[in-house]
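Data first, discussion second: the structure below is written as structure tokens.
Residue numbering begins at 1 within each chain, and the chains themselves are lettered A, B, C and D in the order written.
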Amino acid sequence: MALLEIHQLTKRFGGLLAVNEVSFQVEPGQIKAVIGPNGAGKTTLFNMISGTFPASSGTVFFKGRGLKGKKPFQVATLGMARTFQNIKMFSGMTALENVMVGRHVLSKAGFTASMFRMPWTWKEEKDIRGKSMELLALLEIEEHAHTDAQSLAFGQQRAVEFARALAVEPSLLLLDEPAAGLNMYETAEVARLITKIRDFGVTVLLVEHDMSLVMDISDEIVVLCFGEKIAEDTPASIQKNQEVIQIYLGEDRPC
Amino acid sequence: MKNLLTILPLLAVVILVHYLTSATDTMYYLTQLTMSAYYALLIIGLCVLMGYAGQISLGHAGFFAIGGYLSASLTTHNLIPYQDNALLAFLESSGMLVSGHDLYGEALLVVSPWAACLVAVSSAAVIAYFIGIPVLKLKGHYLAMATLGFGIIIYRIVLALEYFGEADGISEVPAFVLLPGLSVSGNFSDRVQNYYIAWGVLLFAMVLLLNLIDSRVGRALRGIHGSEEAADAMGVNTSRFKLQTFVLSAVFAAIAGVFLTHYNGGIGPSEAGVMKSVRYVAIVAVGGMAHLWGTLLMGVVLTFLSLRGVFGSYDDAVFGIVLILIMLFAPNGILSLNIRHRIKTIFGRGKKRREEEV
Amino acid sequence: MLKIRNLASGYGKIKVLKNLSLHVDAGEIVTIIGANGAGKTTLLSTIAGLVTANSGEAEFKGTDILKTKAAAIPGLGCVMVPEGRQVFATMTVEENLLLGGHVVQKQGKDFIAGLMEHQYELFPILRDRKNQLAGTLSGGEQQMLAMGRALMAKPSLVMMDEPSTGLAPLIVREIFQIIVRLRDEGNTVLLVEQNAHAALGIADRGYVLETGKVILQGPAEDLLANNDVQRAYLGREKND
Amino acid sequence: MTIELLIQYLMAGITYGSIYAIVAIGFNIIYNTTGIINFAQGEFVMFGGMIAISLLQFMPLPLAIVLAVLLTMLIGALIEICFIRWLKSPSVLRMVIITIGISILSREAAVHIWGESIRSLPYFVGNEISSVSVLGARVSPQVFWVVAACALMVLFLGIFFKTTSVGREMRACASNPRAATLCGINTRNMVTLSFVLSAGIGAFAGCVMSPITYSQYDMGTGLAVKGFTVAILGGLGSSGGAVAAGLLLGIIEAFSVSVVPLAFQDAIAIGILLIILFVRPQGLFGSKEAAGLSEF
């Protein structure tokens, strides 16, 4: 069974068809990429999968369960984490604290227990802290654990964001343009981290603009153009696909 | 544990102030310091709501009034006329009522302060819960106006209902006997005792909130403030956390209302006024929003000065000016200007040490 | 016409542009390409005065535009067509164009009317939509309106931020044709694009921007043939 | 209920409704150009009335009103220039708190200048007891002044925003301030202008209503809440909506007097506000489509 099944997903904004009857599947253990020019509907697609806003029609199945009507926090609870194109760090919190928020769904201390520091929460806190440090180590930024997350370099923030998402222990990780704002060197780093995450046992679905990143690491690619899926194949075949070359890669010179 | 320890220096200051006033024969300051502590209790609760959960409330005087007025009316209204009522008989037999005689020697049957306190605080919590569900869906101006509207409704109700004494408010509220020999009252002989009760309650509340901020819940709240979208994506049920914080801060406000009413022996409609709510928001802003220590300090200092009448007839104007100046020049609070960093390093040291142990 | 030297700029603590230099000569189309987040929009916003520069120099026809207020820059003849077709959605097409002519208002009603007529010639569809609310136009029409509005200021330099975003290929082709026509009519165009191939196809010169720095520059044909550009923006090696 | 009483209530409702509508329009003007809800809007109304009353000692009524409106406009400009203009992209919370601070300061200034006493302008025509008969009900002529002032204001604003180039530029700032800057429009000046306009409108309202409702230093907050209710009810930013919603709220309030105690009148308005906010935040008359088109 596919981990994520997207079926005829459609989103209309007023008269505009942002995403039009897109269907595809993500198999466990894959790195799958969605590419397409700006305004192709990639981020809209992502937002529908993660529950940020509802689809106009169509369905998303995650681990065989329909996600209709589920809010983002409920989707996260089911084991799907995401990152954002313009990294959304929690300001005023250290890198470690940022990652610790990611353990939210896997811990349970509430208001009363937290205020009175119930003995059982001590162990929970320790586990949260330990696990978060482990993840920071996995992403090779443990030396910045106690730095204010927002003062880190862009690439490091990206790594903290990955760690934070992994703290949810997701079976599927959605990455929204992980290479946005990074230079070639940092992009290569991110590519390495993404494969490391996959090897760690997490399935990855990413939306990306940077072709070099996508071609290097993904197992399969979905190409979107004006809200419609125009191709779905391996990187090698996508690069040879005439329609993709024409519409996406811009061989079609206007003048 | 750590937060208990950080409270200790403050406890020392509280004791020191007592000895200083007693040595310099200025014990009358303790009265205003006691009242300031109760107002500060409300204010630190509001601080968590505004600074950490990021929700403004211009109606917190309303919750204070719900606590104070319910407690005051229940403990003063004579229930003798309804004595035959079965419910009342049950309440009386379960010890929730106290009987006595009023000034003119008439028989008096009223709700006991403990029971009244419970009713008052839980009413505030329930009201906050049901108001909070729709109100907290709003943002920005809408949220500000909606909470302001709530505050005005409460003000109108206490002003309009005879049960709440209309413009005169409620007076002759009895002492609140917490434990035998320990009571919240305005009696001259209980002044020192009450000073310690008030500050004890405040410091205890402070420990609770410090614990809260540095916990799973606190991180979630700060996360919501930092980026609601990202917190949502991390599985934080943002609306539930906001609602719970709203209720928590309402409970703090109600407790402050109950205690201060018993301490003052009465409550009047001005306590429910919009200006009071604005003042609380101002103090939280001056303290630096997401800064419990700053808020506590400013809450005590500003209310103390205001209660001492230092600002005279310009009291409200002073708060208005302070509010504007802070928002114009130091939106991160007065402590952000210079000493905040130092305070952080002092209180942050313990934190770092512990993190290094891990 | 436009000279930028060692420009550094950004939002608050975040420095987006670092030490960036470039120049645009009269009568040419210069394109700036780069990935999301490379700093292209920040660059245009800094020139237009919407973002304050931290250091460096920017000179437009001899005026230091870093010290000029944003609202005064269009009056100098340097206008920007923002990304995402930021038209005045709640106002009519005609009102949008009139607002574009704000800086030449003093020249009199006839002058404005003449300019309007010119825009309607350039974009005939706008004439048909004259009294329609701009928010109800299609994406391509809004892009044309945004361009027409900018041209109402009678600029000597038009800066365009990603005009192809979210538009169908056919419309993009039309927009790009108009850009070429503008150049042929004597305008100067600074074009920021993600659609590297199309942009380089019409440009005279190009700059490649990466994390706030120019990493490559040269005549458009050279850049098109460049291996790194091929790989980064077209996803394949030249000798593929 | 007799027909006379019905009309009596109706006219009272229309009077108050018109006042609320004018306050709401004041909110709208500033909100439209800045996205700020000016919590001190009610204080403009107070200033208008109070200044006119003071000036009346030295000059005839019409001149006093004109001068009061101009002075309040000046106050509006000063407030904007001192407290708003130089802030760079402040957060909503910060703006809310600043305008609340301004409202407190204005009130405190008023109480130190004029004291706590209740004052009023004289009736423009006739006096307290003169009345006009409308279908058998006795109605004060001042009511017509209020209604006419409201109508005039809506008309004036409509013409100003639709046909003048300054009005068009203000609407452009409202629609998209960034794009307005790119057109070479000085958005800061437009913001100052919006404060001046809404202060003037508030002050004018303060003058025409003063004979009926009286003026007092602390009348602002109550009016601001009502005005905001009406602005929301009518859909933020819409003048026509504000008038319709104002009349609706005024009439509901007037008739509610026969059912609930006077003291709860405010509670009713606020209750309506809360319900509207929860159920239909775009307002009764604002459409979702239009809300989607505008950028704020």
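Everything below uses one rule, namely that contacts are C-beta pairs under 8 Å (C-beta built on N, C-alpha and C of every residue); 3 or more make two chains touch, one makes a residue touch a chain.
Model, not experiment: these values are computed from the prediction.
**Student:** In this assembly, which chains make contact with subunit A and also with subunit D?
**Tutor:** B, C
**Student:** By label order, what chains touch subunit B and subunit D together?
**Tutor:** Both-contact set = empty.
**Student:** Which chain's C-alpha centroid is most distant from that of subunit A?
**Tutor:** Checked the centroid distances; the maximum from subunit A is D.
**Student:** Going by the touch criterion at the top, tell me which pair is linked by more C-beta contacts: A-B or C-D.
**Tutor:** A-B
**Student:** Please tell me the distance, in whole Å, between the geometric centres of subunit C and subunit D computed from their C-alpha atoms.
**Tutor:** A distance of 42 Å separates the two centres.
**Student:** In whole angstrom, what separates the CA-based centres of subunit B and subunit C?
**Tutor:** About 56 Å separates the centre of subunit B from that of subunit C.
**Student:** So the centre of each chain is just the mean of its C-alpha atoms; given that, what is the distance between subunit A and subunit C in Å?
**Tutor:** 32
**Student:** Classify the inter-chain contact topology: is it line, ring, star, complete, or other?
**Tutor:** Contact map by chain: ring.
**Student:** Okay, what are all the chain pairs that touch?
**Tutor:** Applying the touch criterion to every chain pair yields A-B, A-C, B-D, C-D.
**Student:** Enumerate the contact residues on subunit C facing subunit A in the complex.
**Tutor:** The touching residues are 13, 35-38, 139, 162, 164-169, 172-173, 176-177, 180, 194-198, 201-202, 210-211, 231-236, 240.
**Student:** Would you mind writing out the residues of subunit A in touch with subunit B in their complex?
**Tutor:** Where subunit A meets subunit B, its residues are 50, 52, 71-73, 76-77, 81-82, 84, 88-93, 96-98, 100-105, 107-111, 114-117, 121, 124-126, 128-130, 133, 145-146, 164-165, 167-168.
**Student:** Going by the contact rule set out above, which residues of subunit B touch subunit A in the complex?
**Tutor:** 1, 208-209, 211-212, 215-220, 222-223, 225-227, 229-238, 244, 248, 290, 352, 355, 358
**Student:** Could you please specify the touching residues of subunit B with respect to subunit D in the complex?
**Tutor:** 56, 58, 134-135, 137-142, 144-146, 148-150, 152-153, 156-157, 159-160, 274-275, 278, 281-282, 285, 313-314, 316-317, 319-321, 323-324, 327-328, 331
**Student:** Considering only the defined contacts, which subunit A positions touch subunit C in the complex?
**Tutor:** Against subunit C, the touching part of subunit A is residues 16, 37-40, 85-86, 150-151, 154, 177, 179-184, 186, 209-212, 214-215, 226, 239, 247, 249-255.
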